[in-house]
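In this document, chain identifiers A, B, C and D correspond to the written order of the chains, with residue numbering beginning at 1 in each.
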Amino acid sequence: MIDKTVPDVETAVAGIPDGATVMIGGFGRAGQPVELIDALIAHGAKDLTIVNNNAGNGDVGLAALLATKRVRKIVCSFPRQSDSWVFDGLYRAGEIELELVPQGNLAERIRAAGAGIGAFFSPTGVGTELAVGKETREIRGRQYVLEHPIFADVALISARAADRWGNLVYRETARNFGPIMATAAATTVVQVDEIVPLGSIDPETVVTPGLFVDRVVAVGQRAWLQGGTFVGGVDIEGRPLVADTEEAAR
Amino acid sequence: MIDKTVPDVETAVAGIPDGATVMIGGFGRAGQPVELIDALIAHGAKDLTIVNNNAGNGDVGLAALLATKRVRKIVCSFPRQSDSWVFDGLYRAGEIELELVPQGNLAERIRAAGAGIGAFFSPTGVGTELAVGKETREIRGRQYVLEHPIFADVALISARAADRWGNLVYRETARNFGPIMATAAATTVVQVDEIVPLGSIDPETVVTPGLFVDRVVAVGQRAWLQGGTFVGGVDIEGRPLVADTEEAAR
Amino acid sequence: MTTRISRNELAARIAADIPEGSFVNLGIGAPTLVANFLPADEEIILHTENGLLGMGPAPEPGRIDPDLINAGKQPVTALAGAAYFHHADSFAMMRGGHLDVCVLGAFQVSQTGDLANWSTGAPGAIPAVGGAMDLAIGAKDVYVMTDLLAKDGSSKLVAACAYPLTGVGCVSRVYTDHAVFDVTPAGFAVREAFGDNTIEELRALTGLELVDAATSVEGN
Amino acid sequence: MTTRISRNELAARIAADIPEGSFVNLGIGAPTLVANFLPADEEIILHTENGLLGMGPAPEPGRIDPDLINAGKQPVTALAGAAYFHHADSFAMMRGGHLDVCVLGAFQVSQTGDLANWSTGAPGAIPAVGGAMDLAIGAKDVYVMTDLLAKDGSSKLVAACAYPLTGVGCVSRVYTDHAVFDVTPAGFAVREAFGDNTIEELRALTGLELVDAATSVEGN
């Protein structure tokens, strides 16, 4: 019997070595596998290269990982955000290396790694400083820049549900980088709200087939769902609105 | 109001010019848009280039189109089948040009056209006669061959259901080339079993967003479904088994 | 005295140019205002790079869904007819030329349509490009929404961009608070001057030889 | 007299080498027989190039579904846990190296692991390649299932392929009716000779200097 589920997040991130390249899913906070990141922090691997669209928000999740100074380099498209102070400080202090990649090139390079593409001519970035030093070519009258795949040792991603074969479904725009990162890593680790019985995910609606998944861990339902149904009652960071209301009433 | 539905297959294929490159979905008979092909035959466009995985089966659908001798060239991976006699005859008579493409290169080249990729280095076909004359390159210690996108003027594909925005869901392995061909053609025409109300397709399960679709026509439920549920009772070509049973009983 | 329309008036002006049935991406910041002025009785489908077509307005209070955000990480909703997809598919839509219009902000636009909107190149600044370069080269029409003048009074329409480029020759039209400019082979053409603004005033403000679209129909 | 095992025995022999949890693609023709010998109490997930993982056996009569077929266009079923996907995604699985094993037929296999299985190069023959070239270069292990000898008695294991190639250096193991051969840097190594077959007989049949795997452990 195939069973890719593991009992806890510690087991899920076990064995990630120092120096690993780790893809971390999410676009801002949406789809960010916070529980797995916390486990990676506790695990202690250092000298990491992180691939993510951003460079952390606030003081949790990816930002908390950066704060440990165990990340040597980050590959991303949009590090600078209103709440990216952890990264900003490290970058200004010269304590983290940044490879800035246009978001579409980032996505396509990750896909290329998973799809066995050696390299591809991209329309994005031509004539900009992000293409400096890269091969360019005119094809059918248009300029392109040659971009190479981004591989990872490990991908940490978040999905809504999985079965024991590792088939995944996501939720709304939290899907983002999860499906492509799952294809580009030697080991793909997924946190989900729940493990569902094999056969309960309609084969037409599987987004990531279990082929791409190595370990799955259930971390419980997100705060804005009840029984899988959206109920709201949170702010954009997922914190209960009730607290705010109480504070406002004081 | 956006409404991509058209009333009949004649309207669906209207305006396809002589000399057009037409992608036709399907893998063998599965997903082959037979009603649209019949309409294309009636429409009369000639000197066509057809992109399909195969080169027709039996005497219907794509095979019937080839039999009209209005196809100048076919781009496919697997023309020779037990029931590809129409193509076989034309090919042996020198009446049709064949561009043979490994199936994965065919799929990836179609995707590349839809995704704006200028060209890509493929691992498939290296060192074979299907790569003769093509640029090759060693990347990360492995040989690749440069492959270019395949664009089309028109894609004719089959899906199970659509809404008026053109969002599509498919059925089982009849999905095959539909989603990628929809992205690679200037005009994408889809036949579906049924048009469903906007909002009735779960946004998590849309396979082809309406962005890629221009015209949708309902052709009625496939013979092996009732009310959208599989009931069987047909052979692999979709013909009722009852007839065979009666014949056998005689 | 020159006429300057407000940010909201400019958003409404842009919205009026977007035909029903268009697939549109509105960049982070001011361009998101355009959504507020799209006609309620027409269907225009908004794309957000983080994996949604058919984006709807902000949710009611209490109905914020952290899984459902736009490119600016703000909470949004999904309309009936929406579709979710992953990042490679989302950017394939852009890069494959499937979006009809995108509206972007700008630091500078050159008269050949080069766009600079992602970096001022200032020393010590933290660079961030996001999806700007993909949008710039991908949409069928790239509209820029910006003030004509920077805070220091310099023109954002320039002969050649001094700031790092986002894309080369990619902008088709620039909507500013003073006027609307088309990018043409002959340079910027004044498509519409707001209020009493004259082409001479615009030439003075920009320092560019602007084409008067009204008198050069044959020329373009 | 040499031992030749049957096609079904060979399929069973291959099936015995496939570990539980493997993702496997069985090529058109004889390799599909392997599915019949996979242990019923183990989960091995079959991939078919036309867009399905978790392929099950042929349906009952009357339950044929023309939308649910394998790469050979035969009716199949889908197991609980199956997933459908489009062709680019399906071949990305192959080409990206995500399949553990594929089993293919062959006209010839060279001692450096080149595979020829798609064309005899005969004049007038209609060529058809399908997914063979993608499978050959994509799976982690490419197993060939074939008779050792062609109908004319010539060996299908050769020093260099005379037929047009499917892939270069891609085969890891060849299962024949006479013996199982590993492709090694030193050439074909006899992994297992069936029945009373000896390496000398196999050398005589193939005309190749075969490595005796049993006596050359250190050499490989």
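Keep this in mind: a residue touches a chain if its C-beta (ideal position, glycine included) is under 8 Å from a C-beta of that chain, and two chains touch if they have at least 3 such contacts.
What you see is a predicted model, and the numbers here were worked out from it, not measured in a lab.
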| item | value |
| --- | --- |
| Set of chains whose contacts include both subunit D and subunit A | B |
| Chain at maximum distance from subunit C, centres defined as averaged CA atoms | D |
| Pair of chains joined by more contacts [C-beta pairs], A-C or B-C | A-C |
| Subunit B-subunit C separation of Cα centroids, rounded to whole Å | 37 |
| Subunit B and subunit D, separation of their C-alpha mean positions in angstrom | 29 |
| Centre-to-centre distance between subunit D and subunit C (centres being mean Cα positions), rounded to whole Å | 55 |
| Where subunit B touches two or more other chains, by residue | 108, 111, 115-117, 122-123, 170-172, 203-204 |
| Per-residue multi-chain contacts in subunit C, two or more chains | 52, 78, 84-85, 88, 91-92, 94-95, 138 |
| Interchain pairs in contact, sorted by label | A-B, A-C, A-D, B-C, B-D |
| Subunit A-touching residues of subunit B, taken from the complex the two chains share | 108, 112, 115-123, 137, 139-140, 142, 144, 148, 169-172, 202-205 |
| Residues on subunit C engaged by subunit B in the complex (per definition of touch) | 20-21, 23, 43, 45, 47, 52-54, 78, 80-85, 88, 91-99, 138 |
| Contacting residues of subunit A [partner subunit C, same complex] | 27-31, 53, 77-81, 87-88, 91-92, 98, 100-108, 110-111, 122-130, 143, 170-180, 207, 222, 224, 230, 232-238, 241 |
| For the subunit B and subunit C complex, residues of the former touching the latter | 1-2, 111, 113-117, 163-165, 167, 183, 198-199, 203-204, 206, 209-212 |
| Sites on subunit D touched by subunit B in the complex | 48-52, 59, 61-69, 73-75, 78, 84-88, 90-92, 94-95, 114, 124, 126-134, 137-138, 164-168 |
